[in-house]
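Which chain is which? They are A, B, C and D, in the order written, and residues in each are numbered from 1.
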Amino acid sequence: MPDYNVMELMVCVASRELEEGASVGVGTGVPCAATMLAQKTHAPNLLIVFEAGGVAPLLPEMPISVGDSRTFYKGVMASGMVQIMETCARGTVDYTFLGGAQIDMYGNLNSTQIGFDHDRPKVRFPGSGGANDFASLCWRTMVVTPQDSRRFVEKCDFITTPGYLTGDDAREKAGLPKGCGPYRIITNMAVMDFEPVSKRMRIISINPGYSVEDVQKNCGFELLKADKIIETAPPTAEELRILREEVDPERYVIGR
Amino acid sequence: MPDYNVMELMVCVASRELEEGASVGVGTGVPCAATMLAQKTHAPNLLIVFEAGGVAPLLPEMPISVGDSRTFYKGVMASGMVQIMETCARGTVDYTFLGGAQIDMYGNLNSTQIGFDHDRPKVRFPGSGGANDFASLCWRTMVVTPQDSRRFVEKCDFITTPGYLTGDDAREKAGLPKGCGPYRIITNMAVMDFEPVSKRMRIISINPGYSVEDVQKNCGFELLKADKIIETAPPTAEELRILREEVDPERYVIGR
Amino acid sequence: MGAFENGIGKLFTDPDPDNARAFFRKKSREMKSKVMTVKEAVEKFVHDGEYLAIGGFGANRIPTAVCHEILRQGRKNMGFAGHTATHDFEILAAGKIFDRLDASYVVGLEARGLSPNARNYLQSGEVDVTEWSNYGLAARFRAAGMGVSFVPIRTTLGTETCKYGAGKIITCPFTGEPYLAVPALYPDVAAIHVHACDIYGNSQIKGISISDLDVARAAKRLIITTERIIHSDEIRREPNQTAIPYYLVDAVCEVPYGSYPGNMAYEYFSDEEHLREWMKVEKDPDAFKKFLDKNIYNCKSHFDYISINGGMEKMMKLRQKELLILAQEI
Amino acid sequence: MGAFENGIGKLFTDPDPDNARAFFRKKSREMKSKVMTVKEAVEKFVHDGEYLAIGGFGANRIPTAVCHEILRQGRKNMGFAGHTATHDFEILAAGKIFDRLDASYVVGLEARGLSPNARNYLQSGEVDVTEWSNYGLAARFRAAGMGVSFVPIRTTLGTETCKYGAGKIITCPFTGEPYLAVPALYPDVAAIHVHACDIYGNSQIKGISISDLDVARAAKRLIITTERIIHSDEIRREPNQTAIPYYLVDAVCEVPYGSYPGNMAYEYFSDEEHLREWMKVEKDPDAFKKFLDKNIYNCKSHFDYISINGGMEKMMKLRQKELLILAQEI
């Protein structure tokens, strides 16, 4: 079995979720690496869109910004933000990848602030950007993040981006499009999905070298467990070769 | 005084209303001729927009359609209908010219049907097209039409396009933008405006050879009269020369 | 007529974006060749009873070949978006292909006059008509393209265009002012003619786009006819020239002179003589039937139609006229 | 947080389209030369207390020269639209030019990290912040561009981004579903950097347009900086390349390498080294003051700024990097 680091594992696991013929709204970093890896392995027809307007570029290298010139390099279209978000709103974008400083059991994300006082936050982060929009509109949201109980919290200080809100049908009741929401949470220790009725986060797969207990210990809320929890398949030699040689030779992402 | 026909008179009168630096949403025929004449006489900087998307073309000849290639020939922009209508909605278009089968004392226009049964009209016309939108959104609507009591009616069979609706502040109350509406009605016999409070049609100028009585006789409702009714200035020799030689050498409009 | 009344016209299509999303979720995003004949495209994607939209502006950049083929295949009971519809409307009315109509501009051919046959059809009572303005109907496509069920507009309020429409009066939560909410229009199928596209459907339009970018996004299925198919590398060389991206497109049909007898900007002018003949012959039902047989029903394709109307020599002259080489009427 | 609550954030601008119409009615539509220096443009069109929007996407196609000049001229108490704002935000925060902020993306520079100084500024309590998503803020420009007071969107609902925003929950009159109505945003002034424009302001943008077409239409006054001024004949030769028409534009400023240190598609890549230096030096207030003096306050113009940061040689390298001739980090 080849040697790999945590980032490589997470990128490979994420890339496998993207099936051939799907569409994905991506950001810089891990999402982009996962998407490029999927294109170079099992899903050459994956449609990539960037929030600033780029559609289906032939990415010559990892973009440094979701609006830089790489995001529409030899693209099939260079449009604008409204066009991309409307494409998501019409139901044409299947996946998106998001992150945040905090995530709760319903997959709600915080990328706005630490502290509860909006007028005087303890720490200010960028805010939603396009994250809330992608999470509201794309069919399936995936989060790639380290497993850490300061990150996986009982309650976000601020809900920037919707998961299933307060669970059950709260998301649809709020007026968000029907049938979409958080889909996979991929960490260094495990892969989680969301239980279909309560919409609570649930362990479905444990990464090599970790246990369910490890995951729970590094999570600030109680995780549900799938009836059958499997072991996450490690990266294959071929995945690692493509990731290291073709996707991220400068190790921008996998060297973190 | 040079000899001229009724169309030439109306085109010349209409063109004089368009001041330098103004903007105008135009259709084919008389509006286009009046606008081109204004550009070639006193208002070279007149901004022309066509509803299908053409902006400020260097018109090589009279367009046959408001969407044909002439309407954006060497234009500064070839956009789309939504862009043009939104430009009007933002208050950037000063004038428009409209017509119709019927007009009432508040300047409401009918270009939809004769007869009151919408399911089985006696005569079906094209409907609004962009007329309602231009009349709703441009600051000043002008109508160039023959003076005829079958055309100037007590009540339109169908109000396709808003004038002042039922008069007074009905137009603004309905939700149409404030401060705009019908401005000049130019016929073979006279020029009318609208009394500022009641918003009823009012004679302000009589064309050479006609009397106030002629106008009233050829109008299906009672016209108000301005305190001082002047005589419409006939076309000048220079206006006629430009109109005949440069604007409409094929006599598409002035030969009607 | 009243200032604050909702429209009493019928709403022919479902404005719910969640239903549209469920459809679009399943629509393929694969970049695969969609090249087929117009006959195949109409067989596959245009069905009786569905709702149709046609791009362009009346007799400018219209997918004439698709309109003719719909007649040849005898489609019936369709809904139609009569948005800036002139010669396209005239063709479709000749085949009586629709029985319900969202009308903003129909029956007329602008400065050319009115179509006697289309007019009779609407006066016959056979067609349910709901009224809109051009912007109202454009805004309905726009709402669909935005993935919402309505947008607020400030036109038609207080008129019978509004009363016999199907919009609803709402109040702005910020200003308290009334607006007309126009419902999203998702056509089952649309056809648009473009200057160039690749085999996947990535399309370039030169000149004005009218409402086609929104029509393309709103339509559940989209047939592109194109003056010419170009290599995908050409598309990727200038990605901000792409007006319609491939994932909206279901069929790509190469139809040179595809807007004929309409105008195609930078390519060829409209054939005014032929358009006059259409309108003239409509006055005599027998002559009109023969005219339709000759120009549509007995033609196999747009090539046949062009060849009986002057062929390449005529096209060359229309091209010269478009480019202002021939200034005079031909 | 609640699903059906209106935002409690402050609305900093008037969404009433009739007030905007009254302004736009008087704005000149004359096609006259608007060429001036950035200094003149900022003096004439950017005033203390007004509301500002900046085009581009953070460190891509931004009007850097205008941002610097606003600092040099010491503007204060402005409102700012923090829409996809990264390096532009970093500059404006360094000058503390705004005290109220519509925030969708601020403080960060994407993958590059966070700006310590901008973060401190927002944590200081000196700035009133109302929250939006990127699309929410883009839709606000869009509503203004449409000439209406709001548009309905389906994002942010149910989150604290919505609660600390200033949108309102409305119900669709067709489906009964809730939407967030976002209020039109008409900035007093906006600045946008483009690839080319003529002396009247007719502007061409290559590549993505982000939200700039709507920002241009929404803004009451608009400053265009351009890589180069081209002859108006070039504009008229390809009218569908025009992204921004002249009648929206108040000032035309020719600023080659005007997006530096940001990326300008097809022209030059971002100067990542310089951007890293910015963020690094922010950690030390004294060093940051010296850095700002050197790079902004003691520069007369964008030419000075470029000349002290490597001049033409550096620009050439950034150009090679953009065109993938230099694949490695410089």
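The working rule: a residue touches a chain if its C-beta (ideal position, glycine included) is under 8 Å from a C-beta of that chain, and two chains touch if they have at least 3 such contacts.
As the structure is a prediction and not an experimental result, all values here were calculated from the model.
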| item | value |
| --- | --- |
| Contacts common to chain B and chain C (chain labels) | D |
| Between chain D and chain B, distance of the C-alpha-averaged centres to the nearest whole Å | 40 |
| Chain A and chain D, separation of their C-alpha mean positions in angstrom | 28 |
| Between chain D and chain C, distance of the C-alpha-averaged centres to the nearest whole Å | 37 |
| Numbers and ranges of chain D residues touching at least 2 other chains | 17-18, 146-148, 154, 177, 179, 206-209, 239-240 |
| For chain A, residues contacting two or more additional chains | 54, 72, 78-79, 89, 137, 177 |
| Category of the chain touch graph - line, ring, star, complete, other | other |
| Chain pairs that touch, as defined at the top of this document | A-C, A-D, B-C, B-D, C-D |
| Sites on chain D touched by chain C in the complex | 6, 11, 15-18, 146-154, 168, 170, 172-175, 177, 179, 181, 183, 205-209, 239-240 |
| Residues on chain A engaged by chain C in the complex (per definition of touch) | 20-23, 45, 47, 54-56, 58, 72, 74-79, 86-92, 94, 137, 139, 177-179 |
| Chain B to chain C touching residues, read off their complex | 27-29, 51-54, 60-61, 64-69, 71-72, 78-82, 85, 89, 108, 112, 118-133, 136-137, 158-162, 165, 170-171, 173-177, 250, 252 |
| Chain B-touching residues of chain C, taken from the complex the two chains share | 1, 3-4, 56-61, 82, 84, 86, 103-108, 110-112, 114, 119, 122-123, 125, 129, 131-136, 138-139, 142, 154-161, 164, 169, 177-180, 206-214, 263-266, 269-270, 272, 322, 324, 327, 329 |
| List of chain D residues in touch with chain B within their complex | 17-18, 20-25, 27-32, 144-148, 200, 202, 217, 232, 235-237, 239-240, 242, 245-247 |
